[in-house]
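Across the two complexes that follow, chain A remains constant while its partner is chain B and subsequently chain C.
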Partner chain A sequence: MSDNKMKSVKDFSKIQEQITELDPSEFIKLPPPYDDWVDPPMKELTEDQKNRLEHSLDGFSGIAIPKPETEEEKQELVAKFLSGLKKLLSKEDNWILLQPLLLSMENCVKCQSCSDECPVYIASGKEEIYRPIFRGEILRRIINKYLKPGGKFYHKFSGSDIDLNWETVARLAELSYRCTLCRRCAQACPIGVDNGLISREIRKLMSQELGLAAEELHKSGSMKQLATGSSTGTNPTAMLDIVEFIEEDLKDMTGLDIKMPLDKEDADILLIHNFGEFLSWPENIMAFAIIFEKAGINWTMSSQMGGYDSVNYGLWYDDAQLARVALEHIRIAKELNVNRIVMGECGHAHKALMPVADRILIDENIIPRESAYPILEEIVFSGKIKFDPNKNDFPVTLHDPCNAVRAMGIVKPQRKILRYLCPQFREMVPHGVHNYCCGGGSGFAIMQGKNFPDWRNGLSFRMKFKQILDAFQDKIEPSTYKYVCSPCSNCKGTFRDGLTYYNAFDKAGIIYGGLVELIVNAMVDIEKPFIEWELK
Partner chain B sequence: MILLYLFTYFSLFVFIVLVFSKIIKYSSAPVHVRWELYPVAHEKNKYGGSYYEEPKWWKNEIKKSHIAEFWAMFEEIIFLKGVYIHNRKLWYFSFPFHLGLYLIVATFFLIVISVLFDLASLVVLNTDTLFVGILLNNVINIFGYGGLVLTCLGCIGLIFQRATDKKFKFYNSAMDFTNLYFILILGVVVFITLVNSNTGFIESKIFVKNLFTLNFAAINDVSFIIHVILLSLFFLYFPITRMMHLFAKYFTYHKVRWEDEPNVKGGKLEKKIKEALNFGVSWSAPHIQTGKTWAEVATTNPTEEKK
Partner chain C sequence: MPIFEHGEIKVEVDEDGFIQEPEGWNEEVAKALATTEDVTDMTEEHWKIVYYLRDYYKQFGIAPMIRKLCKETGFSLKQIYELYPSGPAKGACKVAGLTKPTGCV
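== the complex of A and B ==
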């Protein structure tokens, strides 16, 4: 049994030791060939890390919060948290999400309709701190007690008896990084309360007021992107070199001599990829180039600062960073005078630049922005390219990236393509707007510090892994190769690490990849198989 | 007796003021970034598809199905569809409880209509022989009695669940029980008045008529006096509780979950965004570079000094 020391919500601020110890034997069971799977023990922090870093939530450190050394330091941080909380509820400082936040903070009736929708909560064996309403309830009680009038009696009456101390702040900060922001809980809420949003807003408070954020998202993420042009640290010169390498590889793999259009003015489409594709999955970049060239699309990519990495981590933790990166993308599109920006296979980049940034753009910055999925659908069914679906005659299932599907409603185009090009396509259960998160959403896919990867691979990826295994049960033997189509870079990052953790290729013959790779693999003109059967 | 009437006026006044101030608070919030969640009810694709599924979507006219939106809201409000799907155990009690409350609210409005008709000499309260009067009285009785039974049964079930199910117990506050007990006690008291003097809700109708006509006539039935006091207290209590989700639900669905209006050049949204971008920023983490407007913050690169 996991050892949770809390008897009620208020214990969150009272317990001195670690609140809960996770027990992997309590996690949801996996289907064959993992029915006898025994989870390895989850990695503990080193003694040095334990001494330096806050870990009293569940023993994991997602954002490496340093422990304050003095009582004054603790008090100062608590005071900062309170001042940030006030700003979170103010029109000027938080117009960006004030109305949705207020509605969610003031109207939860704790009916628990959301609980069973959370893949982390369910996969953990229903660990209380991961219940979707838990972090919202903590924040609600703090607001009621410390920011609203009412006095002692009313606080007790309304259930706001929680103490605000350093431990509460630090645990809440870590807790906001135990939610993938997938928003399945919000989908289930009959009132419309959004606990995913609350997690995101707690992260924002921590970042924008206390300067606390996951290093991979902030310092090595959005700050690096603003400084170098990419969250990977790749500058424009290096970007050009990488494109050259990819062009050479493309020629070696397919015999096609394609020169990737860069910085072409007046093109119809500016295609922006998550730069992770260039480094980890270059075949995705190649496949896009092949398809667009064969279809005669007038397109370009940018090699300029701000134009070649669609990543926008601000979406997950910080409004200022979100806006800054989005405006860089827009600036490049304006400079190149393209008709439209098209997002490659990256879910969060879709959401950041399309619906969310839509409400920060004015005047000439309002430039059309589209998803690649419908454009690919249009190309595949246009007759411009010949396909042989038999080349894709292996089991394929589709993962739905939360940000592009649940948050944007782009559901059908990718399915139409797969149903046409993959004879053994089968849906996951559930799928479409109700599909589960990969487990790496909201930045978890790239958070590799301390012992956090164990939490992600062992726990937050688990529900997705179960879904994948369930979808392939009829051909689960490792000799039948199977493909998880994941049209999203961050999700692919999660699959890479998660499938490796479970040794899924050797045990079940499962690999993952994007949508465009399957399209190119089915092209009559491409003689050699484009998909390589190995876990990259 | 006049104090009872004055207290009723006061509680109704406070109720209306607090409910409206809450509605104004939500509706006057500044424009926010899009945070919709699919399926969006007014979209044509029932599987949850949006206009983003079309290439060059921005060239198309965006069509909304208001009938689909109305139907989704109807299913959600009347049948608590979300609870039915995601929390069936709770639904068995929550559905009758809410349906009962809707019937009681409908009864209240029908009583007001009866009184207005009576004042306009269209019907005679409870002794009418005309079709409209008979119809009103029968509907009031069916809704009123049915609503009370459903509410009380649902309430008992919800109290039992809150008290015994550990997933509720962990989060319970005194207010959660007070809300339910308050409604249950109120329901029981109304039942007692119906047995005593309020058969067919005649006392309720007369009391409402007295409120309209400023006739502070004496009430002889003690149980009815208690009923009026409790109901007035409930009007004062309701707006400070989470029961206000009744009104908030409109905003959570229409202004957040289903709000997918694209921003177009020269449109109303753009105007609101321009206003918001001029709000000052006081967040104090170093990378924010506080003291500027949002427009300035968004166009400032915090890494530039380091280069």
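== the complex of A and C ==
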């Protein structure tokens, strides 16, 4: 091990410029045609950024924590952290996830079953600070020493010392943004300890008590969504302009004249997409409209504030923001008097408005919420639409979005569709609930600032990229076009940036896209190929 | 907040070099920002994209969809990458003085 690595857990509190430096030559190796791949050096922060922003964990800045200017300021932040930690552990203040948090904090026996499951830890060449139990261990030591009676005395004999200073707090805040919250660790734990949840609850503490959160998630994310209608800043007027353009584009591409239903009352389904689909992947919006119209579904979308962007970034960092956005989605559905809300291809939106919202919705706010995947399965096998699977005769593999698949168990519908419509479908290894995260989970896909994208593209996307290459090894030459089916906007953003970073279209002929695009591409009625073979 | 300086030009930018106040933009600022984007010469084609982006932004408060940008300016995505090597969102929007695109785009 080189000298630039942390030696013991206690070093986490050490006052030094940086406690760990990543070495890309230690990252896991990739299969052909990347067997001779040499990682470009990871981008460093500029000198100016190093002077202003905390980066003493691993040299990366995910959430741009400003360096406190005075000793008093540091102490104030540490005090806020400690009082926030008390709140995190009390039922009066932690009203959503207290029980699983306490069970996870109190019962981990450090057996390390989870270590081999974490794509970031493994891909990094087993970097100690990324070990799944590491964050929980820091937090546990702080609780034992600073919150338990006599802790400051007893910790000396327990062999689990830690100093709670500003460095510890700042590093822990950044470290909570080195976990994608994929919860593969929780699935592997023999007793269900959820280290992903611990990361998420640390983020919550940092956001709600210290005002520290990734700008992309908070200020330009959930705050912007509540103010304008979408985290993209799209207001209802812009929304209508975009829908109109998509309708024209759909006609140019397919010859079909489809009017997107907006704000229709009493429909069966209110379909809510991640608004990123409208702006970056409009083919997904078109494909949903084509399928729903051809199948005769009674559906609508909303053009009202609160009803056209399914994202809910609070899921990743803040309970209050999560609740505010979820209630907006419910309000729109009630105003339109629909039977059910259906989530388009966005994993975190599934989890936020379904199992997590189940913990906060009561009485008249409880309305049915469903995933689009099983509805698509029902349509594809209903006989209402004619398909020619030979139109999809190219290698296809399937990515499993963590929130819809591992967290919610929606495993089979998307596979049944692909087995039927894609003659060269092949699974990744492992797949289903065991599949790896895209590497952009928990907001990483949209954290585009400073040097963080290099950490994502070079490290957290790496395990997924290896799986994709492995799945296509028999046809890896760039002249055979291959499709990674990713029914989730956030994952698609990760694939776009990651595949571009590795130049995977030119080098291996790989593109990515959603599930509905493959369905439409196989429709007999659609004459021109719907899938465009370029990396966009 | 970081300050971007180039010759006489001095503007407040975010951590990734996008200007903070779109009102503080003018063609001289655009030329200065272009130097950070590997654009050495702002040709007529570069300006066409810049002004389309700015007009859309003024009307709707966001950057247009990339497909719409291509369709309405007549440039393919490939041509836009040739003009602005880091692409429409990171490159062209920055030179046009738009704030950084946000959300899952």
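Everything below uses one rule, namely that the second predicted complex is superposed on the first by the 522 of 536 C-alpha atoms of A that agree within 3 Å, B and C clash if a C-alpha of one lies under 4 Å from a C-alpha of the other, contacts with A are read in each partner's own complex, and residues count from 1 in each chain.
The definition used in the following text is that a contact is a pair of C-beta atoms (placed from the backbone, for glycine too) under 8 Å apart; a residue touches a chain by one contact, two chains touch by 3 or more.
Remember, it's a predicted structure, so these values are computed and weren't measured experimentally.
Bringing the complexes onto one copy of chain A puts chain B beside chain C with no clash. Of the two partner chains placed by the overlay, only chain C lies in contact with A:Asp309; chain B stays clear of it. Working from the superposition on chain A, the chain A vertex angle toward chain B and chain C, CA centres, sits at 160° in steps of 10. Shared-chain residue A:Lys148: touches no atom of chain B or chain C. Counting the residues of chain A that each partner touches, chain B and chain C differ, and the larger count belongs to B.
Residue contacts after overlaying the shared chain place A:Lys386 against neither chain B nor chain C. In the superposition on chain A, A:Asn274 makes contact with chain C only, while chain B stays out of contact range. Within the superposed three-chain model, A:Lys5 lies out of touch with both chain B and chain C [touch as defined at top]. After overlaying the two complexes on the shared chain, residue contacts for A:Leu210 are found with chain B alone; chain C is out of touch. Closest CA pair between chain B and chain C after superposition: 15 Å apart. For the contact definition in use here, the chain B contact set and the chain C contact set of chain A share no residue.
On chain B, the positions that touch chain A within their shared complex are 25-26, 29-40, 43, 45, 47-58, 76, 80-83, 85-87, 90, 94, 167-168, 170-176, 178, 242, 244-245, 248-249, 251-253, 255-257, 260, 262-265, 269-270, 273-274, 276-277, 279-288, 294, 297-303, 306-307.
Residues 6, 8-9, 80, 83-84, 87, 91-93, 95-100, 102-104, 106-117, 128, 131, 133, 137, 156-160, 183, 186-194, 197, 207-211, 218, 223, 226-227, 320-321, 323-324, 327, 340, 354-363, 366, 368, 370-371, 373-375, 377-378, 405-413, 432-434 of chain A are the ones touching chain B in the complex. Against chain C, the residues of chain A that register as touching in their complex are 48-49, 52, 64, 216, 220-221, 224-225, 228, 230-235, 237-238, 241-242, 245, 249, 274-276, 278-280, 282, 309, 311, 346, 445-446, 448-450, 489-490, 493, 534, 536.
Residue ranges on chain C touching chain A, taken from their complex, read 2, 14-16, 60-62, 65-68, 71, 77, 90, 100-105.
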